[in-house]
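In order of appearance the chains are A, B, C and D, and numbering begins at 1 in each one.
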Amino acid sequence: MKKIFSLTRLLLIALCAFFALNMSAQEQKTYPTQAPMQPAMSEYWIPQPKIVTPGTATQNAFLSAPSDAIVLFDGKDLLEWESSKGGPAQWTVHDGVFTVNKKAGDIQTKRKFENYQLHIEWMIPTNISGKSQGRGNSGVFMQGMYEIQILDNYENETYVNGQAGSVYKQSPPLANAMRKPGEWNVYDIIYSAPVFKEDGTYRIPPTVTVIQNGVLLQNHTTILGTTEYIGFPKVKKHDAGPIVLQSHGDPSEPISFRNIWIREL
Amino acid sequence: MKKIFSLTRLLLIALCAFFALNMSAQEQKTYPTQAPMQPAMSEYWIPQPKIVTPGTATQNAFLSAPSDAIVLFDGKDLLEWESSKGGPAQWTVHDGVFTVNKKAGDIQTKRKFENYQLHIEWMIPTNISGKSQGRGNSGVFMQGMYEIQILDNYENETYVNGQAGSVYKQSPPLANAMRKPGEWNVYDIIYSAPVFKEDGTYRIPPTVTVIQNGVLLQNHTTILGTTEYIGFPKVKKHDAGPIVLQSHGDPSEPISFRNIWIREL
Amino acid sequence: MKKIFSLTRLLLIALCAFFALNMSAQEQKTYPTQAPMQPAMSEYWIPQPKIVTPGTATQNAFLSAPSDAIVLFDGKDLLEWESSKGGPAQWTVHDGVFTVNKKAGDIQTKRKFENYQLHIEWMIPTNISGKSQGRGNSGVFMQGMYEIQILDNYENETYVNGQAGSVYKQSPPLANAMRKPGEWNVYDIIYSAPVFKEDGTYRIPPTVTVIQNGVLLQNHTTILGTTEYIGFPKVKKHDAGPIVLQSHGDPSEPISFRNIWIREL
Amino acid sequence: MKKIFSLTRLLLIALCAFFALNMSAQEQKTYPTQAPMQPAMSEYWIPQPKIVTPGTATQNAFLSAPSDAIVLFDGKDLLEWESSKGGPAQWTVHDGVFTVNKKAGDIQTKRKFENYQLHIEWMIPTNISGKSQGRGNSGVFMQGMYEIQILDNYENETYVNGQAGSVYKQSPPLANAMRKPGEWNVYDIIYSAPVFKEDGTYRIPPTVTVIQNGVLLQNHTTILGTTEYIGFPKVKKHDAGPIVLQSHGDPSEPISFRNIWIREL
């Protein structure tokens, strides 16, 4: 790179900086920014929730959708889903289930929802490897904003506010009710959307109840804001949003989903 | 009984009455009493909740108890139960279920509970008759005080705040998710006990979530007080209490229960 | 417009009406109506709330409006108010206060509100007469729907859920903090509007906090529905609504108001 | 006591210690600890709350205590208070007020409280100096655990979740309703104590409403845990606790208090 170019670039940067500062001086004072955090600052490991072995359930006799539900996946296709980056949802449908495709990124429902009862089943593959968060990591997001963690916590410990059924990095589950890899786990979720004030803060925060395999994990838990990997939850105004399923991109084998339906409340 | 004894008793009663009246005169003024009501005054019929056909479930592959649950009925005996009038619970155990015995009155758990997740299954017999409230009427009471209605509402309408899954005479269910007579209905109930002020009123009222056959009926509903047949709910201070099952004494065939377990929260 | 066109239109209307009626006949069965009640059925007298003498306050040194408040009455005119029957608010302004005009009926703010902090001062005249509800009866309605009772309860008992500071016929005040006739009573009210579901029921019910003369009367009380004179509260979908002041039409001398302001939240 | 007995006892203690250590080794693994944070990580500066000039109030005609209140300071002495380090409260009483004594540390009520309405008045001295948190910093703690910030925010900005009327480092106030140094600020606080589960977490979290100079700052705000200077709120089981006033030890002139009363709810 030539010197003359570098100088031009320097001038350009200076100009941009000048306008940016000038604008911010007109618009608002400069305030200290919140000091940056590290992920491990919002992770705590004790007390680990009690391990509860869920009741038996016939793995092939699952609860099908009530008559007023919108069926989001019935074993055949991903027509109700799209890529979160746009375009079709390119996860793999096979044998009545679909499986995360790491290369395709997150997928989300085409429809947007506010208040609902959601049923979703997921399975960790038997050949899973890794540990802590690096073992069967996915997640289901309410309104595209608030993650209920999906993870293989069967004989695999992690920070408790990042465990399966946690409101991620906020609220640990009341129990560890995992079925082992190769068996289907069921989430029954009751979600109430937030109501916002005009200034973008919550008048009424979102709440969530989560039942895994018949065991209560979240009991009308208040969600404090977005479920951030780093730092505190954030409160951002939003409208109805999709159900998002996370492609976490871990090196080990991907997890699968089946029997997804939603009832609007 | 001899006459002389009766006279003594009469005198004793008169004496007690005198002191009781005298004491109440000292303690409190006479205030107007709340005007008496009729049952139909707290019954409303519209709008009827939408009818939702629940998902299929294998009637013989029900969800068994999680490992930390107290099993209240496992198909064998009523050792966890007693008559609400005292003495053993004399309902009929047969074929892995138990059936209401009208002559024996209500039964209740020997244990007392406060906050919990309760699973209970009930079946209306195929030869049920009657209509409205007179058809398969029973109920499950939280802390012995607050009734979640059990009733055959399959093609049988009644006042909506007395329908299956209602907080009786308070809060109608969000849906009618009945299975038909001869099939098992499942209630999954999440209950939070009230917290009382010293004056006996609620500091925090009780709340309840009810799911019938996988369909949400009550969504963290606030319970306003006791579930009275006549008049307004009453707020009465109480401690931990039993799960009570109601023997309603209708003329038609009695209903049955199975697979009852509870997880304290 | 020609006659022939009018006839066509008439026929069209008749046809529509026929189908509409027919459809409604198919859709809506006749259900039993809720049995009518008497007012005294929703009135209870015990326990009477404790009598609390409020702190002294200079009657001429009241708290004026914060800078972001909308002043609803500043002692001069009723320009922010109108008759609830339409037309100008014809209550009597004099000496920096205004006084109920029985013939003019209720008045209400021209503006409509949802969530707010309301300050309002009211005075029972020294020559008040009558007793129970017939003594200085008025009321202030949130969103035109939910009444916080105004009444002279200074040495005047009534049913407690109709006492000054009650959510009328729902929630009695925590105390009786009345100043005597001729002195100004202050209500500071924090009100949160309900959020409705599409079916017209509450997703989030309204709540209210009431402080009278510095004494807490309602502590984030849930409002169950409209504050009916007869029978149970009703839940009706509504938008932002006015502050309404009630002209109760009692035979005795009318009450006065001053220093009314509101801060939207 | 004889030597031989002491030896027996020593052995017994050693035995107990061995089993205790052994048991804890079985029970408790070593988990990663939460990464340490810096104070600035939990401080955010925007958006600054709107500045609201409170209504005028006669500075010498304050609201005195209702008849059922416990008067915690009536202008004469600190008999209701003690040092948080033990011993008498050695702040300075003069002219009907008391003033922070930096050397004496925090003071707290001898009585312990749970649910209450608290009235407290505080004044920043006219010769205050410093800025941000270093200007008139004190605080009033609910149950000795949860701080409502006291600070001179009159023309002095700081991080908004540390501003006067904030739940410290949790919830910023809805407005900046400061009176200027030399004038009395009034806090009216309605506080509800938490209810704990047996495991030490909240069944019901604490909530607080704060009104400063007649302006609502906190509207039934949920308190998430202790108000930590560094890091996330902590949830610790506790009983009834004192009202604590903080001696922050800033270099500038100390603040004063007067007219403190509390009504238990």
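Assume a contact is a pair of C-beta atoms (placed from the backbone, for glycine too) under 8 Å apart; a residue touches a chain by one contact, two chains touch by 3 or more.
Predicted model, so just to flag it, every value in this text is computed and none were measured.
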*Counting C-beta pairs in contact, which comes out ahead: A-D or B-D?*
A-D
*How would you label the chain A and chain B contact, same or different, if same means the shared numbers make up over half of all numbers there?*
same
*Averaging only over C-alpha atoms, locate the centres of chain A and chain D and give their separation in whole Å.*
36
_Where chain A and chain B are represented by their mean Cα positions, the distance between them in whole Å_ = 39
*asked:* For chain B versus chain D, what separation do you get between their C-alpha means, in angstrom?
replied: 44
_Residues of chain C whose C-beta touches two or more other chains_ = 192, 265
*Where on chain B is chain A touching in the complex?*
50, 52-58, 61, 63-68, 117, 119, 174-175, 177, 188, 190, 192, 207, 209, 211, 213-216, 219-220, 263, 265
*Give every residue of chain A touching chain C within the complex, in rising order.*
115, 192, 195, 197, 203-204, 265
*Can you list the chain D residues touching chain A in their complex?*
31-38, 40-48, 157, 159, 199, 222, 224, 231-232
